[in-house]
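Here chain A shows up in two complexes: once beside chain B, once beside chain C.
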Partner chain A sequence: MTQRKRLSNVQSSSQSKRQSNSFMTQEEDEDATFTQPSTSQVQRGLEKLTAAQVDQKTAEVVQYILVKDQKKIPVRRADLVKHVIKDYRTVYPEIIKRAMLTFEQVFGLKLVEIDSKNHMYVLVNNLDASTARPSPVERPSNPKMGLLFVILSVIFMKGGVVRENLMWNTLKKLRVDPGQRHEEFGDVRKVITDEFVRQRYLEYVRVPHTEPVEYEFRWGQRSDMEVSKAQILEFMGQLLEQDPQSWTQQYREAHSTASSSQASSSNHR
Partner chain B sequence: MRKARAGGDDEAVRQNGSSSRRRTDQHPGDGEDHDSSSGGVQDDDDDNDLGLRREIRSKYRDLINSVQQNREDMLSPSNNKLTEVLEEANKLFKDVRQAREAALDAQLLVVATDLGKEKASQLFSEGSAFDPSAFAEHLLSFMGLNRLEDEDDEPPNGCASDGYLPKDAWHRLARRAECCFRTAPSFHYMMGSFYTEPPPPKQRIERQRKAPSKEAKRIMPTQLKKMEESHQEATEKEVERILGYLKSYYQDDPSPISYYEFVIDPNSFSRTVENIFHTSFLIRDGLARLKLDSDKLPCIEPVEEEEVEAAGSFSRKQCIVSISPKIWRELIDVFEIKETIIQPPETQSE
Partner chain C sequence: MSRELGDGHRRFLQTLMAVGVTDEQEARALYQHCCDTHTMQCIPDKLDEFIEAINSRLQPMFMQIRKGMSEENGRQYYALVNMAETDITRMTSDYADNELELFRKTLDLIVSSENGKASSTDILNSTDTMTSKKLKKSETEHLLTRLVQDNWLCERRGEYTLSTRCIIEMEPYIRTMYQEQVKVCHICHNIAFQCQICENPSCGIKIHNPCVARYFKGRVEPRCPACDDFWPHEIPEVRGLRSQSKR
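Our next item is the complex of A and B:
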């Protein structure tokens, strides 16, 4: 009731605002424990601001996230609020909603919250992988992606968890020794257990009850969002000259997750 | 890597050799002990026994180490290394007498069980098993490994050392693997990004702190100097000014001037006091002299410049002039002073 009243008050404001309202109520439920402003607070906040002010702040958020994405380290909501949103925190949900829309419509990217507990965002390419594949521009490739691919593949093919010993041994066969400086990657151990972990491509956690201490690798939250298991399996089939379907378990997993992520992305488009 | 593994293998071989040798050496003795008295082994020959204990422990440790280091090889389904290790351990266990050795045996069992568990998990996986070594092999081929002449057929040892990867090996793999990633292309500024250097804010703080302190330092001494200068100068100027009046008055009428007529300002008592004060400098410097006229009233006259030097030799007399507003008023009445001879300084009239 009261909401409808308020809505009629601000009917002059753009359509997107009303749309966002319904989304915000969803977000709010998940976020109840945090100091996220309520829908009514957002409405009241928006009434005090001009459309230009909100647009300006949205643009700042978009730029901040784009710049932060250069290092591929997830953006923390706390940092976003502290450095960019500042006094606009009452209308935070509206601004992040608009930023998401901008990323989707302007940049072909998707802003995803990978960690609903600590509120971290990453940017993911939202374009169809198959259409994006023949890149018109000869982009300089990042060799680290090759390394990451190997690691993620081994984890995936080994059922999701891999002891670090197996990982280091496999990498050693590829002339990448964690104990030695690699001419391409430098301090390989650091790249893998620190950089990839901070970027949320990998999880590197201690195995409980091991003596001496052992660690294991898993996929990080960013990989879940960004990496296609079906594509890995396909490449694997090419490499090992096997039918991807012969890895029954992996095939099933790849295609159950792939279909769900595809469905979600098609929804957005 | 190959070195490490090769070393490990060598050790294992040496170990096997030595252990078997020892066993043959020691078995007869051991057997005798067992035959005679099973309980008194330790007491019978202590030295030999201590050495044996130590050796058993070290063999156990070697075995545990070799299992941990060669874990991945032992895991591969193609070999029977785990069984070999267990057999070896069984042989060692024959000689185990003390808790310490038994603890090591138990530790080995933990490691072996862990391995067994992992081996079992390989069996459970549906469809084709995934062999990381084979994966690595194929990746090397994909990355354009240039194999050199002596290509070992033995996969793990051979490929780790032979051949070299082209420079763009990882780039090649990255390009092919790109399609697996839906990575957002990172954007960069064409002119490079604005680099927020930490130093500038620090400098700014320093500047802000320094600037006021410098000014404060500068202001304090100049103020002091000015005060002193102006004070001295003012007195000197005033004295000279009064001398000027005295001289011009004397030129107009070259007779001694009545001291009080000269000094008194009928409009201001304080000016009068100042005049008396400044005139006293003229007397002190010998530029003017005071004397009493026929009526025993003090009169003043300037000293000619030639006389100034001569005057220096005369003994000087001091006298104190006292004046009060009352006396000042009386003097004005008595001398009928209408105007002041010494005009107030310009700064005041201004």
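Our next item is the complex of A and C:
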């Protein structure tokens, strides 16, 4: 399915804001038909295949995941099996193992499961970024990533969760009005509540027991892995001309080993 | 032979994947940078060997870093090519079916033209013969802008040409699809779109503009390297290495 078609599907499937919800249920059902084969099943499966066949399938898996990653779309195991693995289901674990090895050895990337319930995978950078100097060749910077960085900063500074209204008001102060078409971002509300959510940079969920219905934002799993909280604090410090250490709680969180080690090894991709 | 890669190789590959295409100078700077970052030995003239090592590991994935010349300025560029899908199908994740049809039509126009260009008017007119959902004028214009942004086409004064990256990535596809029409440059033997053509009807060889510049440089009376007829076209200047970057 092309991304374009996927988008129109999402739009038409539901007019409500929680479009991804109805989408997810359907995905889970599909995935339920796939069961991990056992080690002996894999062994028997491999005996029936030539080395070239296994190599070919591994290459297809690597390419499929790379294409999805370019658009920052997490890969669902169900899709991978349906569109690429196909008749090779019995040797799925072996092929994924080889694909992961290729990502690490050739591309310096790591395939990570960000959602163990729905079996969703993303690629993160596996190269040590702590010593990296600015590269002489840069991808033209994506203005949407700037917007995302601001949103993540707001959430982080407010303790990890922010109500929708507060987010929109904060963005309005920065002259980004979710109710109006933005010159660079287009439909701002859609970029934030749909695109960033699908890419797993943000979580956008309904607050229980609210009438009228209210939503709140949190960091998505990809942000946890790819965005350094220390860098966010550094950015806020410069913006507000304040010492990052003065935000005691945030500073502690940003420099606790658990959160910073993950992000520093994955860089900004 | 596949070789062990270091993190320098991996960083080089990641950067190339992110930017799509780089010219030779950028590639050299990037090579240096990757070696420095990961404390690898950087031998200045060994960029091609460095890339060869990466290619040896990309080959089983049907991918390759390939070098090609810009028809615009004659400089060398590097692009990561997907050998499994060297045709238009690789664009299906970004473009709708009718958009791809129009891109194919644009490709037809460019290949069958003498100078490797298609005017926006001709492209707009070609929507009349579309078999999939016809694109409106504004949609076509928007699509052309996207194709330029995504680095498949280049635009200058309302005329569209294939980008260097597009030629490097789709050369095998274009060669198979347009066997009859496609000509190669008499000098560098690469596929030729923007070029000069020998006016001797029994010859008609093509030479890229930058190849013309290099080949005829300093010659008093330019003659066709194939039939020895007088070469009647204006001989372009050899462009300096540091001219503006056109991918």
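We take it that the second predicted complex is superposed on the first by the 217 of 269 C-alpha atoms of A that agree within 3 Å, B and C clash if a C-alpha of one lies under 4 Å from a C-alpha of the other, contacts with A are read in each partner's own complex, and residues count from 1 in each chain.
One rule holds in what follows: a contact is a pair of C-beta atoms (placed from the backbone, for glycine too) under 8 Å apart; a residue touches a chain by one contact, two chains touch by 3 or more.
Bear in mind the structure is a predicted one, so any value in this text is a computation, not a measurement.
Student: Could you look at A:Leu166 and tell me whether it touches chain B, chain C, both or neither (first, second, both, neither)?
Tutor: first
Student: Should A:Val67 be classified as contacting the first partner (chain B), the second (chain C), both, or neither?
Tutor: Once the two structures are laid over each other on A, A:Val67 reaches both partners.
Student: Given the superposition on chain A, which partner contacts more residues in chain A: chain B or chain C?
Tutor: After superposing on chain A, more of chain A is contacted by B.
Student: A:Phe196 contacts which: chain B (first), chain C (second), both, neither?
Tutor: A:Phe196 sits against neither chain B nor chain C.
Student: Does the superposition put A:Trp219 against chain B (first), chain C (second), both, or neither?
Tutor: Neither chain B nor chain C is touched by A:Trp219.
Student: Does chain B (first) or chain C (second) touch A:Leu109, or do both, or does neither?
Tutor: both
Student: Considering only touches as defined above, state whether A:Tyr92 meets chain B (first), chain C (second), both or neither.
Tutor: neither
Student: Which partner does A:Lys158 reach: the first (chain B), the second (chain C), both, or neither?
Tutor: Only chain B is touched by A:Lys158; chain C is not.
Student: Looking at the overlay, does A:Asp177 come into contact with chain B only (first), chain C only (second), both, or neither?
Tutor: Only chain B is touched by A:Asp177; chain C is not.
Student: Touching A:Ala59 in the superposition: chain B (first), chain C (second), both, neither?
Tutor: second
Student: If you lay the two complexes on top of each other, which residues of chain A touch chain B in one and chain C in the other?
Tutor: On chain A, the residues that contact chain B in one structure and chain C in the other are 66-67, 70, 107, 109, 125, 133, 135, 139.
Student: Write out the stretch or stretches of chain A touching chain B in their complex.
Tutor: 66-67, 69-70, 72, 107, 109, 122-126, 129, 133, 135, 139, 141-150, 152-154, 157-159, 165-166, 169-170, 172-175, 177, 184-185, 212, 225-228, 231-232, 235-236, 239-240, 242, 246-251
Student: Once bound in the complex, which stretches of chain C touch chain A?
Tutor: 5, 7, 10-11, 13-15, 17-19, 22, 26-27, 29-30, 32-33, 36-37, 54, 57-58, 60-63, 82, 84, 92-96
Student: For the complex, give me every residue of chain A touching chain C.
Tutor: That would be residues 2-5, 55, 58-60, 62-63, 66-67, 70-71, 102, 105-109, 125, 127-128, 131-133, 135-139, 269 of chain A.
Student: Which residues, counting only chain B, touch chain A once they are in their complex?
Tutor: Residue list for chain B touching chain A: 1, 68, 71-72, 75, 121, 125-128, 130, 132-140, 142-143, 156, 159-160, 165, 170-188, 193.
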